[in-house]
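Chain IDs A, B, C and D follow the sequence of writing; residue 1 opens each chain.
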Amino acid sequence: MQSQQGNKFTIPIGPQHPALKEPEHFEFNVDGELVTGASVRLGYVHRGIEKGTENRSFVQSMYLLERVCGICSHVHATAFCLGVERLAEIEAPPRAQAIRVLVAELERIHSHMLWLGVGAHEAGFDTLFMYSWRDRETVLNLLEDITGNRINYSTNVLGGVKCDIDREQAAAIRQGLDFLEERTTHYLDVVTSDMMFLRRTRGVGVMTYDESQRLGAVGPTARASGVARDLRVDAAYAAYDKYPVNLVTETAGDLEARFVVRIKELFESFRVIRAVLDDLPEGDLTTRMPRRVKEGDTISRVEAPRGELFYYIKSNGTDTAERVKVRTPTLPNMASVLTLAVGHQLADMPMILVGIDPCFSCNDRMVSVKGTLDSQCWTWEQLRQYGIEYYR
Amino acid sequence: MKLTTMWKDALGSLIKPAATQRYPFVRREAPEHLRGQLHWDPSACTGCGLCSKDCPADALEVIVLDKKAKRFVMHYHVDRCTFCAQCVASCRQGCLDMESDEWELAALDPRTFDIYYGNEADIASILDGSTEEEAEPAAAG
Amino acid sequence: MSAETALQTASELLEQWAKEATTPEPFRLDVVIEPDDLLAAVKALRDASWGYLSTITGVDLGVEAGEFELLYHFSNGAALATLRVRTPRDNPSVPSVCGIIPTATLYEREIIEMFGISVEGTPNTDRLFLPDDWPDGVYPLRKDYIYDDPTAQA
Amino acid sequence: MNTLRAVIALLFFPGGLFILFAGMAYEWVDRKLIARFQNRIGPRWFQPLADSIKLLAKEEVIPTDVNAILFVVLPVIALAGALASALYVPIIGLEPSYSFSGDLIVTLYLLSLLTLCTGLAGANTLDRFSLVGATRALTQMFSYEAPVLLALLGPAIVAESWKISVISEYAKSHWLIITQPIGFLVAVIGLMGKLEMPPFDAPEAETEIVAGALTEYSGRGLALFHLGKSVELMVGLTLVTAFYLGGVANPLLFFAKTLMLLVVVAGVQSLLTRLRIEQTVGLWWRYGALLALAQFLVMIAYEGVA
């Protein structure tokens, strides 16, 4: 984990680096082009979200938590809603649960296609990057049409969902899925048969089944090593028991397997979305949610596009949470990356980092801004004043 | 194993129009359910303040001038709004609505982000009352 | 292994150290143990390859209670086993589990920074989340931490 | 009169300003083609010019602890080398301005100057990305230089001259792409390696080492390096066309040929994934050099028989 001593030459990647569009600092000790050690420093975008939930009501916290991550925002809100609903001993109506699944799967498509592009870009294959992002627009447009926002959809409310799916929207989704399915088949072909691309992915960053188990990897990263770990299957939440998901695993454990697992998961998502549209239960969208939530604690886990998302919510009987703990899937996977890095080429580092589909802002949740003379810690008022001054 | 798998896409693109959208020269129509600027219909408002209470971004202030006479003014900070529509969901009277056609909200002047909804006379009285408060930071900057 | 049998196994594994075992929710097992027994309990789960360490949650029970609670969440499919460890506020300290589960270091560093609980024997105590010039002795997730003015606290 | 002619040749046509603008035009075509291959719009026609003007007008930051003179001079030398090489090649199919026996060798070395300067510029700064980039740039240069030289030797041998004008005259009547296909391939790919285009862009792989050797350059220095690269693109394409695709001819036809070559180059750029540096070196020495050498031997044997 920590950097090995006696290092020769340290290559910093981040907090500002073209490979990572998010601020995070990695240090790789290299010997020539070979990496001999790796360490990480998080926290550059720490926003104090966990602390922030302590003086916000449950309703407000949900939107704060939704902004933990820009890509997988819906799963955060879903995890929090499911947890709070369980504490309050209510359950969202079946139609709401189905719509949650629908949006979650659309979000998974959006996230995986984004990742496919980023992965290709890191490998220097910009054409695949451009095409996969072009096709990702389809799903973003669908989400915009359903929820009203392209990202941070705010589909959930405590006790249900806000947006409904009407006939026209359903038709639009089906049409979009048909297009995406055709393209995804093509991309699967690209990542498994393009010779030049395979030179960068096959056999690179191998994580064996045992290592994956030992390091506690989650999500597609673990599934690419053959670990059958998917909360949608293991502990079906929302409406996943009604619309079951088939587990997708690969055994190679290298970067190619991670590409293949994610792309094959897209087909599962298409299938699940179609199943939801075919059999969307009728009924209300919300149930009444009490403002105060009974005392107690709960653990809510959902399968984010990147893996297991873990919420621990403790309520003290008021309308404010006592403690909300968020563990995003990137954190356990980060450990695996740092272990994997040693012994690889420097040129493979961005690929291996991106291979876990890291989301750094997910890791950093606690308000600090860099750049004042005496302190990095700013109050909200100072921050606001700074913003006003800056744009004046 | 092929040398390259994407040549069909690449060659096909030469004769296809580009996928790039030429915004702002060509505008795409906004989808029906898009969440744009918030609108407030004062006729049904009871001044309960649930919208501002639930707003995660403190973007809404309901100013009650006279509860019985139903004189309310809504102060809406567009710059703080996150367009989550929780206020629309919270309002039991259905006074709030997010318009899908007003979504190009960028502006150079920060004052355009302070929007008051309500009776014009009421707004004027509020603005008169708060001029002193607001004049101070402006003078400082 | 179904979730029920997994929980059954877990409760048998942890029985000898458990001061109290509850099932607050379906598929959940909460076991209260002493800090001294933590390593043995974690090792027992590890040796039986019972799931993996999902995360470590720190909870400040408040100034009046005078204690912190650490929750070690182990996941195994749908089953969740939580080891609850309490440590006093005036001298908070728990042993490190990094010797058994190396990847716990990131969680432990978070606990150290956010709560100021000393984790004995953790391999790396560098700042992970907080800014470099964050004042020492200020722990943001403690309940007595005042949100507005972090630099004024000591 | 001779001096006037020299001044015009150096500053306006075909050297100097003309080649700068022509280089930028080629760069635009290259960028536009890649964009179209990727289903994008791509830049407008003046974009390379606008980029250059903007960069030239910007402040140049000289980092501390570098040799400031070297830092400033290296980009100038790089561009000068590229511009000078333009004087010896048949730009847009016209006769080269200067010509002497052995100018092919001089041109090839002038073209290598850019990579050399890039490498030195990277090694001059203390930045780690620059250092890794410089190492990679020089490593790559050593791997492609020999095969490319072998590939360009082929036409020289059959034309029995080291003079570019003689070779291109010979190539008019002999389409060497047919008789020496391997040489053509190696020359084109070598050109891409020289210009650090994908898939040989490991020395400036932005996702790994930011901008490689030029990471610390901003403003004027960066602009000069970029211009040098555009000029080299044009000179390189001209050279390959003149040698392998039917020599100097009608300028319009010649221009069309270079453009066709550019389409191929842009296609290769957009379709292939970046190679790691050791893969690049392996590719060149394992295949490029051996193939070029094999063709070379066959040619010598053939000449011997004939």
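Some notes on this structure:
Heads up, the rule we're going with is that a contact is a pair of C-beta atoms (placed from the backbone, for glycine too) under 8 Å apart; a residue touches a chain by one contact, two chains touch by 3 or more.
Source: prediction; values computed, not measured.
Of the two chain pairs shown, B-D and A-D, the one joined by more C-beta contacts is A-D. Centres computed as Cα averages put chain C at a distance of 60 Å from chain D. Here the CA centre of chain B is 53 Å from the CA centre of chain D. The distance from the centre of chain A to the centre of chain D, with each centre set as the mean of the Cα atoms, comes to 43 Å.
Averaging Cα coordinates per chain places chain A and chain C 24 Å apart. Shared interface positions of chain D, i.e. residues touching 2 or more other chains, are given as 37-40, 270-272.
Each of the following residues of chain A touches two or more other chains: 127, 131, 134, 194, 196.
Among the residues of chain C, none is in touch with two or more other chains. Applying the touch definition to all chain combinations yields A-B, A-C, A-D, B-D. Here chain D touches chain B in the complex through residues 35-42, 267, 270-272, going by the rule given at the top. On the chain C side of its complex with chain A, the touching residues are 3, 24-25, 27-28, 49, 52-55, 57-60, 71, 73, 75, 77-78, 80, 82, 101-103, 105-107, 114, 123-124, 126-134, 140-141, 143, 145, 147-151. Those residues of chain B lying in contact with chain D across their complex are 4, 6-7, 9-11, 13-14, 16, 18-20, 22. Only residues 56-57, 59-64, 66-67, 127-128, 131, 134, 137, 141, 144-149, 152, 154, 157, 162-163, 186, 189-190, 193-196, 198, 286, 385, 388-389, 391-392 of chain A touch chain B when the two sit together in their complex.
Partner chain C is touched in their complex by these residues of chain A: 1-2, 40-43, 46, 48, 50-51, 54-55, 86, 213, 215-216, 234-235, 296-299, 301, 308, 310, 312, 314, 322-323, 325, 327, 331-332, 334-336, 364, 366, 368, 370, 375-377, 379-380.
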